[in-house]
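Some structures to go through are shown next.
In what follows, subunit A forms one complex with subunit B and a second complex with subunit C.
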Partner chain A sequence: MTVENNKSIDNELNSKFKLFSLSRVMAIAMNTFTQLVRMKVFYFLLIFSVLIIGANVLFLNFTFEQELKILQDVSFGAMTLFASIFSIVGTALLIPKDIEDRTLYSILTKPVPRFEYLVGKLLGILFLVAVSLLLMSILFFAVLFVRQHGILAEEINQMRGQPSQEQISSLREDIFAQGLRLELINGVVAVFLKAAVAAAIALVVSTFASSTLFTIIVSLVIYFIGHAQSMALNYYFPEGDMHGALQRFIAGIVAIIFPNLQIFNVVDGIVSGQSVPMSLMFRLTGLTGFYLFIYSFVSWVIFAKKEL
Partner chain B sequence: MSKDLPTAVQIKNLTKIFPLPFRKEKVVAVDNLSLSVKPGEVYGLIGPNGSGKSTTMKVLLGLISATSGSSTVFGMSSTETASRGSVGFLPENPYFYKYLTGAETIAFYGKLCGLKRKAIKERTSELLNLVELEGARDRRLAGYSKGMLQRIGLAQALVGRPKLVVLDEPTAGVDPAGSRKIRDLIMQLKEQGITVILSSHLLEQVQEVCDRVGIIFEGKLVREGSLKKLIEIEDQTEIVLENAGSDLLKKISDLVNQESGVNLVRSGRPRTTLETLFLKETGGDSKDARNDS
Partner chain C sequence: MILAILVVFGFLRIPFESQTEQKLKDLGFRDWVPNMSAREQLTQASFIGAIGGFRSLVASIYDLRAHEAFRDKDWGSVERFRKVTTSLQPRFAKHWDLAAWDMAWNAYAYYRSKSEFSKDDLELWRIEKMIMPSYLEKGLSFAKEGAKWTPESYRLPMVIGDIYSQKYNNPKLASEWYFKSSQAKDAPTYIYRAYATQLAKCVGMEEEAYEVVSNLYNDGKLRTLTLHRDMERLEGYLVNELVQAKSIDELKTMVRKEKSKYIIHEAIATYYLEEENNISLAIDAYRELLKNPKAPDFYRRKFALLIAKDPANQERAYKLLKKMYLSSPQIFRRVDLIDLKKLESELNIPTKEKLIKSEDSNKQ
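Right, the complex of A and B next:
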């Protein structure tokens, strides 16, 4: 180690403390991602593969419309399930564990503001969910691509005589319209956005929870209530009747504590062949951003005062 | 170097009270404690379990807030995150991320201290050499022994080139050879002018490395001062002779008995410590503890 090297290290260390440092946040995020990867969470891809291949094998005798729909239903269902589990269990597992194991001591006794720790953990989880969804999507789209070409070939074989080019084109159009299409990407994005909100819920809970189990249970309860939130609000405060300030206030508080997760369920429509307007995708992205901001802020308020 | 720096640690009238959930009583963990540590000093904080040592350290490190009083690190309030820039901390029984290797662990903490990629690489090698874990740099922490974990903990505490190192029970659960290595590292820090605060139950070790000692009991600092002064028995004098025969010893004894008011309290062969004997017999002084897993 030369004197020059020592000087350069000292200069880096003596540079002015930044209230927010993206490199510190990214260090925590990448460490969280590595932790989850080395916990072998990507083994779930095997389960996912079995599910979508199983969906193919089990429903061979259905019409091509049904077969493609089932494949997409199963794939999106599995993607939603895995993404939500990673978000909630991953967040619930990591932060309380850092506190229980006192690993947090060695992090927070470095010049790391508590807010950066929380944001880093959340980003790490979201990165894992994004990578998982990307891998699942590649697998899903590949199976769908192969299957739609397989179905086309089977359908042509079953046609009597020599089908005309026009007939083949029309058949291809019908099958491909229900197969691999750009609209599916919107479905994957919606699954990611919902998982991001679920992770943020778990983040808030983990800042005041005393254990991993408590965090998982409470987060799951909020997650499920979130799916019924809009229905309950419509029942108690029908759209036309929401006049009073108190009613609006209560509805607002309920919407913040229990986010409307049902709104993210656009995949059913996509699988049925409906198109999702871009305005809805922008709205969902904005809503996710709002919830991430609010929940991160609340987490910080609780965590900043937490006695470790 | 030390002369230009303000007091390394200044704790003034620190009180920490923990409320008990669902009960009216409160626990006073630290009671109006004041102490200061000079730059370059090795300060030992000793006391029985639950006496308030760890709570004092946690306040100093910003992990908990004081109920009243204040604490500063090199003149900066310890409630400010920036104050941690000059501090390195080794917690008691440290748990690091077991899925990381030794080198990755140092690199992770280096990033948190603001080091860039090239500097991290250099600092990682330097520290792994210092704590004699170069051979285990690519091994995951899950496979480290207690002593190795303690040393990697010390390495992460030093990654940001701290001016103050806080060690909470640095040798807890470590075998004598590993313990000696950690003691030697503390001595090296002292030589480099780094301020060290350590708490330990191993009083002999505290005695070996500390310049000053504070004794905490029931949250209060009951004694404080330079180690030499504290342990000195003022009305006794010790003479150690080499190759003295029984005749000479008898003469000395007779001479002492002639003086009024002077008593020969004890005479006999001085004893080595069990630790020294153990290290001598097991070759712990020279044997590399890298293989102590």
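Right, the complex of A and C next:
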């Protein structure tokens, strides 16, 4: 009777159990997000504020093009740096911390597949990076908006006599073309996509790493190679000038194994005033999705065999 | 197995990434290539920053270094840093603009002022014949290279126009570049006026210049002092051409056929004044001219100064001139102010009521 009962309960549970449950993944993701927020990571916003306000105040004696460009460069630079550090360090901390706190065991003893655990952790990190970038963007756009109006007022004041409406509108057009514009959102999205790939790399490394430090260092090295690989190939073999079989083999291995993070670098062009078509942004988003899927899968393959 | 997954994934993504890279290249996002010369120009940290996604930030840092070198009057470093900023972000027009400005204006002016204090003839020769022209060339070369990189922007062609007009005193080349600049979508209207001004200075291109200048003048949106002067000078040139090429009968026939062309009346008046010294016939020609609503304001001034030559009409002429001077002083050239001052003396106008104070006639 008891055995039969147990079997029927097992059957019932098995029939209800889904191989992949979004709600379980979201629960883990939200938990990860909360866990990271409690680590007081948002204090970085203070540093970011100081940076952009400093960039705004220190370069007042330059031309408006230089001033607005420096503000955008510093902001995007800080956003890229913070987002990448969050992604790599945050991901590197998660699994060791869960093992240390024994949280991992209590999760995995429940009917939660390891793949869901990993995806949940990755999503939690991505939420954190997205929220951080959103907050930084709001601050950055607000400062840029205030500054471009300030510059316009200053430039009008400096004009001799009463400027005509035509002069004012031409000046406004010139200043605003360098200031707050929709194109900057594409820059922020590109920063997020690159950070997402960096987090996925760190996730793969953290599944076989022996320590957090090892994960961080290896992930940073891959992050750097990811930026340099396409350029290094151009640098050492201009115009595809690879004669030897060994050279071709090494170049091929580097290109195949390591991610190409340089592809996400569109911010430099955006700051110069170039625009990114939406089709290109979709391509980059699709590529990021592809990277996330493959790296999560690789992480699962390693993590599934790991003895805990 | 993991390696196999990564290799398969690598083979799948590489064609897609290559296509995306090509698109980025076509859109101008991959203008900077980290080759040997780039590595030599940048410090190691800057080079790593530039390939690590901070190219724009590195360019801004070098922009600041160039500014610092400019304050120290270290023109060699200014040139070196400007080369770095322009090579890192060649599509940012302001980098080229500043590079050209530092070379053709700042460095040039620095050596010009240095030459003024130089007592050594050899040193003076070296500065004037070698250093100053070389900085002008460098400025021009930055601006021309920048114009190639930013064909959609008005800025660099305008800078080239500025260099040709202000430094080389070459109105023909200046007008060509200003015209090119004025055709850009974002070009402010003053660039077309600069084109007209330079074209008006080109010897042998007066008719072409007159067409451009008169269109601007008749457009009437903004009649600057230069535009007034150019219009008057070019019309004067065309009138002289007419007077030299045609007889008075031919001019009279022309005026009957082309009533709207007030310039022929001016040619007739000039003929009577210069060939026959007949003021009253010249005044009649001006009266006809002033009936034309298209005739520029300066003909009223000419007419009033002409009638002032007759002592009987001097008071009437003075009243007219006074009214004109108060409403549109821009139509009075320096030479006209001298005539007006003479007229005031002849009419014994009290000093307080005089329109032209002695310093005014010198200023214009």
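Operating definition for what follows: the second predicted complex is superposed on the first by the 267 of 308 C-alpha atoms of A that agree within 3 Å, B and C clash if a C-alpha of one lies under 4 Å from a C-alpha of the other, contacts with A are read in each partner's own complex, and residues count from 1 in each chain.
Quick note on the criterion: a residue touches a chain if its C-beta (ideal position, glycine included) is under 8 Å from a C-beta of that chain, and two chains touch if they have at least 3 such contacts.
Since this is a predicted model, take the numbers as computed values, not measurements.
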First (subunit B), second (subunit C), both or neither touched by A:Val112: first
Does the superposition put A:Leu126 against subunit B (first), subunit C (second), both, or neither? neither
Looking at subunit A, does subunit C or subunit B touch more of its residues? C
So in the superposed three-chain picture, is A:Asn31 touching just subunit B, just subunit C, both, or none of them (first/second/both/neither)? first
Considering only touches as defined above, state whether A:Leu51 meets subunit B (first), subunit C (second), both or neither. neither
Common interface residues of subunit A with subunit B and subunit C? none
So in the complex, the part of subunit C that touches subunit A is made up of which residues? 1-2, 5-7, 9-14, 16-17, 20-21, 23-24, 27-29, 33-35, 51-57, 59-60, 63-64, 67, 89, 91-92, 94, 98, 186, 188-189, 222
Which residues of subunit A touch subunit B in their complex? 1, 5, 8-10, 12-13, 15, 17, 21, 23-24, 27-28, 31, 34-35, 38-39, 101-103, 105-113, 305, 307-308
Spell out the part of subunit A that touches subunit C in their complex, as residue ranges. 59, 62-63, 65-66, 69-70, 72-74, 76-77, 80, 164, 166-167, 170, 173-174, 177, 194, 224, 227-228, 230-231, 234-235, 238, 255-257, 260-269, 271-274, 276-277, 280, 283-284, 287, 290-291, 294, 297-298, 301-302
Mind listing the subunit B positions that touch subunit A in their complex? 18, 58, 61-65, 81-82, 84-85, 87-89, 91, 93-97, 99-100, 108-109, 111-116, 118-119, 122-123, 126, 153, 156-157, 160-161, 166
